[in-house]
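Order of writing sets the chain letters: A, B, C, D and E. Residues in each chain are counted from 1.
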Amino acid sequence: MLELKSLTKRFGDKTAVDAATFTVDRPMMIGIIGRSGAGKSTLLRMLNRLSDASDGEILFEGREISSLKGAARREWQSRCAMIFQQFNLVPRMDVVSNVLHGTLNRRSTFATMFNLYPQEDIHKAIEILDRLGIAEQAPKRAEALSGGQQQRVAIARALMQDPSIILADEPIASLDPMNAQIVMDALRRIHEEDGRMVIANLHTLDTARRYCDRVIGMRDGRIVFDGRPDQLTTGVARDIYGAGADFSEAATSTAIETLDQSNENLVLA
Amino acid sequence: MLELKSLTKRFGDKTAVDAATFTVDRPMMIGIIGRSGAGKSTLLRMLNRLSDASDGEILFEGREISSLKGAARREWQSRCAMIFQQFNLVPRMDVVSNVLHGTLNRRSTFATMFNLYPQEDIHKAIEILDRLGIAEQAPKRAEALSGGQQQRVAIARALMQDPSIILADEPIASLDPMNAQIVMDALRRIHEEDGRMVIANLHTLDTARRYCDRVIGMRDGRIVFDGRPDQLTTGVARDIYGAGADFSEAATSTAIETLDQSNENLVLA
Amino acid sequence: MTDATLAAAQQRQTVDSIQNSYMAQVQRRRLYGGLTLLIFVVLMVSGFNVADDRNAGGFWDGLHQIGDYPAEVLAEAWEKRADLPALIVEFFPALVETINIAAVSTLIGAAAGLILSLLSTRGLARWPRLIPVFRRSMDIMRAVPEIVIALVLIFVLAGGPVPAMIAIAIHTAGALGKMFSEVAENADLKPVEGLASTGANWSQRMWLGVLPQVAPNYLSYALLRFEINIRASAILGFVGAGGLGYELRNAMAWGPGRFDEAAAIFILLFGTIVFFDQISSRYRNRLTEGQNA
Amino acid sequence: QDITEFRIGILGGENAQDRMNSYSCLQDYAAEELGVEVKLFAPADYNGVIQGLLGGTIDMAWLGASAYAATFLQDPEAVEPVLVKVNMDGSIGYHSIGFARKDAGVTSLEDMQGKVFGFGDPNSTSGYLIPSIEIPQATGSTMESGDYFGEVKFTGGHEQTIVAVYNGDIDAGVTWADGQGNWEDGYNSGALRKAVDAGLVDMNELVEIWKSKVIPEGPVVLRKALPDEVKAKMTALVDGLHERDQDCAYGVAAGETLGFQSVEHSTYESVIAARQAKIGG
Amino acid sequence: MTAADLSLVKTEADALFARKRIFAVALPAIVLAYFVYIFFAFDIAGLTKRANWDNAVTLASDSWSYKTHVTRDNRSGEMSYAVEGERKGAYPEGQRPDWVSGDDIITIDLGGDTIVRLLPEQRTEIEVPGFGLIEAQAEGRTITTNLPEDAPDWINASNRRVAITTPEGRVTITGSKTEVFNYFPGWELFWFTFDSPYHGHGLFEILLGDRIDPTRPNITGALSDWWNNAMWRHKDVAWAIGETILMAFLGTMGAAIIALPLAFMAAKRFAPVMIVRAATRRLFDFVRGVDALIWTIVLARAFGPGPLTGTLAILITDTGTFGKIFSEALENVDQKQIEGVASTGAKPLQRYRFGVIPQIVPILLAQILYFLESNTRSATIIGAITGGGIGLMLTQAIQTQKDWEEVAYYIILIVAMVMAMDSFSGWLRGKLIGRKD
C-alpha cells in the first residue's frame, strides 16, 4: 500500500536522504533506526509532505503523493498523522483544543478561527484521551502536562485525524524510561487495535526490536538494513551505527529494567 | 572566646533557632549537623549578622556582637567570614577581584568603583589562591570555574578578610565527592595552620566526624547534642535526625569510596 | 465478568462527566470570549463615532484629501530642491541641540533611574521601609507629561534647551526606574549576600554585586530611551523649547514659501530618528544576545 | 445646497482666554439661526484653523491679519473676510510694540544696535510679520543676526517675549497692545496688560522703544463655498451681537468693543503684501 | 606552583587591574567631558544668573492660593470685587467680601494689621506695620506719594505707577485705577460660583439640611451647579479627560488591529519575498519616524481639528511601532508549534491561528497595554495641538497665564489620569497574561 521509489532529499551539496526505496504491503509497525544525522527525520517529513522531495516518488495505494499541491497535499497530511520528538503542541491551549487540531483539515477555516468545533468532535476527542488514559487532563493547558502526557496528547491529536498512517519522529527521545514505555505501548496498541500503519524513528535498538514488525536501518541517508527485528544482530547494528568494536547496546538503551537496576544500585550503595 | 546566650530567631510564628547556647573557648573546628530546616543556616547568618537575632546575645572576646549597627556591624562581618553552599561569588568578575572583595570593608566606595586595590593586596590574593591550589585560575571569570574551584575562591575571599572566625554554611553540599574532599581538607588546613576558628554546617555525619573537633547537633531549632565526634553514636544521630529504625548513614554520605562504587555500578549496568 | 462491565460502566461515567464539564467550560469560554469581543467592538465603534462626531471634518469626507498637504510640501520642496543641501547645513546646529538635549537627559535620567530602581527593589533597597515612597515618586515622575514640566519651567528659566532637558530627564528617571527595577527584581541575590558577609557597604554591594548582572539589560533599556528621547526633545521643540522641532513647526506653520525649509528639517529629523533607531536596535540585540549566550 | 452642521474655529494666541467658553453663547445663537448643529474648535495651533479653513472642515473663524494673509496666499478662493472688531475709540487696529527693560539703558531702537532682539511667534502679525518689515525701515538694515541687532531670536510667543525681556534674557522684544490707555497699565488690552494683571511684570521696569503703524484687526472670515444664505445669516448674527447680547459680544471679542463692522479684502492687502514679501525674501 | 610561575601570575594580575582601572576611569571621564561641553553649550552658568526665582515663587504660591481683587476705577470711582479679577468670579451687585468695609472711605483689611483705605478724590492710604502710613494720590496720569526717594525694594514707585507688595497682599496704583489684591490659601469657588445659591454652604448642610434653592432638591441642584461651575468648568474638564483617553484608546487599539496583519508581511518567516518585507519594514520606519506631532499637521488639512485627527495621528505612528514590535515577535516564534499544526493538514490561516497567534498573544497584549498607558500621555500633548482633551485646557491655561491654581488642577488631573491608566493597564495585563506585574 505504501511504496517509496528512490526518494531523495538534498540540502545544497548534502544528500540527507539518498534514493530510499522500500515497499510496505500491509499495515505494520515499522521502526527506522540510525544514528543522528542519518536522515530519519528528513524521510518522515517527506512522507508527511512537510518538506518536498528532491527526487523520487511516494505512492500510497497507487496514488502519487510526492507531487501533491495545495488542498490535495493538505488532505494527504490529514490522512498521514505525524508525532514529533518535542510533541509540537500548542502549549498555551488546553488539551482538548490541541486534540481537536487533528480535525482542522475537515473543518471550515471560518469556524475554526473562533475555536468553534462541533460537539461530537469534542466528545470524540475526550474519548480518545480516555483511551490513552489522560482524560482527566482534558481541560488543562498542554504546557501544564508532563512530557509523557504531552506526547500522549500528540498521539491523541494524530488519532483525531483518523489517519491511515501514523508517523512518529523519535516519539520517546525526550521522555524518561517510564513514560517512554507508556507511549510506545500506546502506539503499538493503536497499531494492533485500529490496524493503522505506524512508522517510528527510534534511536534505540531494543525499542525497535521490542515493538516493531519490521526495522529499517539508515546510515548517511541510505537504507542499509531492512528486515525483521530478529535479523538485527549486534554486527548489523554496528554497521548501521558505524560504531567500532567498543559498541555497547546498553549505552543507548532506554528500557526500564536496565536502568532500574542501576537506580537500585544507587539506592543500595 | 565565642559565647552564645540563648540566641533565638523567630520568623512570624515559627521559631527557627530556639535559645541556642554554647561557648567556645579556643579556636576549634566545629561542625553543626541536623536535618534540613533544623535552623543551621539561620544560626550562622545570625553569627555573621546577615540577619538580626530576635533574642539572646552573641559575645566575642567579651564584646557584644548581636546589637552592633552600621559600620560596627560591617567591621564585625569583616572579622567573621562566611562561606556559602552556592559560593555566592560575583560570577561575571574575575577570580582575583572576587578574592579582593574580602577587603571591601577596609576600602572606600570610591576606591571600589575605580578598582583601586593596593598592589600588595592583589599579590596577597594570588598567594592565597596559590595556597588553595588555584592560582592559575586567577584571571578567569568566576562563572567559568567548576563548583569545587568556585568554593575554593570563596574560601580565598574569606581568608582575604583575615578573619578570626570562618563560618561555612554547607560548603560541600553542591559539590561532588572529589571536590567536597578538597574543600574540607582546605578548611581543616586553614584551621590547623592559621589557628582560625571554623564553624561549618554539614549535612553528613561522616564529614563532621572526620574533620571536626566538636560537633553540635540541632533539631527543630534547638541544640540537642554538643560533644566530641566520638560521642556521636548512631543512636544520637537518630535523635538528631529524628529518623526511625530504618535510618542508614549511607544515605547521607558523601564520602568518596561509597559513591564511587555506585558510579561504577551505573557504568557497568 | 460483572466486575468488568461495572468497571466499564464506571469508566463511561467518568468520561461522560469529563465531557460534560468540558462542554460547560467551552460554553462559558465562548460566552465570555463573545462578550469580551462584543464589548470591545462596541467600544471601538462607538468610540470612533464619538471622535468622528466631535471632529471638525468627518473621517470619510476627509479621507480623499489626506495627501493634499504633503503634496503641497513636496511640490514646493521639489521646485526648490537645489536649496535643500544649504538648508540642511543651516539647520544642522538645531539638530545638534536636539540630540544634546536627548543625550544629557538620558544620561541624567538613567543615573537617577538607576539609583531609584535599586532603592525601590525588594531585597536590594537601602531603606526597605521607603520602597513605597520611591515607587510612588517614580510613578509620578513617569506620569507627568514632559510638556507640562517644560512649559512651567520656561517661566522660571526662560526658553532654551534647559527646561526641555530637565523635563525629559525627570520623565526618563521615572520610566527607566520602573524598567530597571523590574530587571533588578530578577537579579541573583547570592553575590549580594556574599559581599554583605564580608562587611561591604550598600553602595559596594550594589556596584559589585548587582550592577554587573543587570548592566546589559540596563544599557539596552537606556539606549531604547535615548531613541525615544530624541523624539521627545523634537516634540518639545514643537511647543517652544528650542531645537529642531521648533524650527520645523515654524516652517510648517508659515505655509507656502517655507515648505522647502520644512522639507529640509523634516529630512534631518527623520534621518536622525531612523539612524539612532537602527543603531540602538542593533546594539540592543547584541547586548541581550550576548547575555543569553 | 444645504449644510448639515456649522463649524466655528477659534484661533489661539493673541485674544484667547477661555475661548470655547466665551463662544458658547454665539454657538447657541448660531444654532438657533441656522437650524443645524454648531460646533466649536479651538486648536492651540494657528495652523490648525488655517488648515481647517483650507480643507473645508471649518466654516467660520476670527483670524489674525497675518493668518488671514496666510490663508489667502495658500488659496485665494478659500475664505472671504466679512467683519472686523471696532475698538472703543472707533478704530479697527492695534499696534506692535517694541519694549525693553528700563535699567538696561535702552530707550529707543538706536540703543539696540548690537544687542539681542526677540520676535514672538513667526506666524504672528504683531510678534513678527509687521515688525520684521517696519523695523528694518526704521533702522535701515536687515533683521539678520549681526547686521543691526547683535542677535535676533524667536521666543515662541508674546508671553515668552515679555518674560524674556523682563528677565533680561533678551534686550528688547515685540508684542501686541491696543495702544489705548496708559503704558503703566500695560495699555487697555494686550499681552502686556495680561502679564501685568497676572503679577508677572511691573510696567515701571519696562519702556516702550518702538510702536508700529496701526495693524488692522484680523477679520471674521467665512468659507466662500458656504451657501449665500448661511453667509448672510452668520454675518448678520455677529454684526448684531453687540446690540443683542452685550455679555456675549464681550466674550466673543475678548473685551470691550463697539461691536463689529463689515470689512473688505482690500483692508488686508498691505499685510498680505508684507507676508508675500517675506516669502519672496 | 613555583615561585617563578607565581610572580608571573602576579604581574599578569597587576596588568589586569591596571586595564580595569583605565576603563573604570575612562568612561566617567568621557561623560564628564561631555557634561562640560554641555555646560557651555547650554550656557548653564548664564542660566543660573538669569533664572527668575521670583517667578517660580509667584507661580508656586499662586497654584495653591487665590487672590481677590478690589478695584477702584480712578476715573469713575466705581468699585468692583472679583475673585481672580474675573467676570465669572465677580461678587454679585451689592455684595462684597467681609474684610472690606465703609462707604465713602472704603477700608480694606488685608490682615496682619495691613490696612488699605480708599479715600475720595482718588486718594489711597496704606498702613504697613513697621513702615508707617503710605499716602498716594492720582491726578490724571500722575501719582504723587509721600514715599521717600530710597524706598525699600518691596515698593516700586514712579510718578505714573506705584506697586507695593507686602506679605499680606499687593496694591498697585495708576492713574486709571487702584487695585488691591488680597491673597488667601485654597481654590476659591471650586465647588460653587457666587451665582449659585449653594455657595458658602457646607457639605452637611447641602446633604442633610433644608432646601436651599426652593425650586430644586439640594443634591441635584448642588450637583448641577457644581458640574456647570463656570469658573472651574468641571463638565468640560471631564469631557476633556474622556476625550484624551478616547484618543489614546482608539489610537492604540486601531494601530494594533492594523499592525497585526502587516507585521506578518514584515516577518522573514511569513513573507519570503524580500521586497515585500523590506517595503513593509521601511513603511513602519517611515510612519514611526515622522512622529505623531507632524502627522497631526498633515491630517489637519483632511479632517480639521478635533479628537479624530489626534486619534489618527496616534494610530498611524503606533502602527509603525507595533508593526516593528509584532514582526520581531513573529520572527521569534517557535517553529515546532506551527509544524505540529501544519502536519495535520491545516490550511494556512489555521496554521497562523493556532500555530502563531497563541504564541504571540502575550507579547502583543503586554505591548498594547503598555502603549495604552504611554499614549494617554501623548494624547495629552497631541490634543493640545489638534484641539481636544485636557492637554488643550492645560496649555491654554499656561499660555494665557491665567490662574495657576487652574494649571495646578489640570496637572494633578493629568497625573492622576495617567497613573490610573498605568495601574489599569497593569491590572489588565496581569489578568490576561497571568502575574508578572
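Going forward, contacts are C-beta pairs under 8 Å (C-beta built on N, C-alpha and C of every residue); 3 or more make two chains touch, one makes a residue touch a chain.
This is a predicted model, so every value here is computed, not measured.
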Sorted by contact pairs, first entry is C-E
Centroid check, CA-based, most central chain -> C
Here chain A maps onto chain B under a C-alpha rotation whose angle in degrees, rounded to the nearest 5, is 175
At the largest C-alpha centroid distance from chain B we find chain D
Max Cα-centre separation from chain A goes to chain D
Expressed in whole Å, how far the mean CA point of chain A lies from that of chain D is 81
Chain C and chain E have mean C-alpha positions lying a whole-number Å distance apart equal to 18
Per the C-alpha centroid definition, the whole-Å distance linking chain B and chain E comes out as 57
Chain B and chain C have mean C-alpha positions lying a whole-number Å distance apart equal to 46
Two or more other chains are touched by the chain D residues 7, 9, 41, 45, 47, 51-52, 55, 57-58, 157, 163, 167, 169, 200
Touching two or more other chains in chain B are residues 113
The positions of chain E in contact with two or more other chains are 50, 52, 55, 297, 300-306, 384-385, 395, 399
Given the complex, residues on chain A that touch chain E span 48, 50, 73-79, 81-82, 84, 86-93, 101-102, 104-105, 109, 112-113, 154, 157, 161
Interface with chain A, chain E side, in the complex: residues 336-337, 339-347, 349-350, 353-355, 358-359, 361-362
Touching chain B in the complex, chain C uses residues 188, 190-191, 193-201, 203-204, 207-209, 212-213
Per the touch rule above, chain C residues touching chain D in the complex are 54-57, 62, 65, 68-69, 72, 154-155, 158-159, 240, 246, 250, 252-258
Chain C partner, complex, touching residues on chain D are 7, 9, 39, 41, 45-47, 50-52, 55-58, 70, 73-74, 122-123, 154-157, 160, 163-164, 167, 169, 200, 278-280
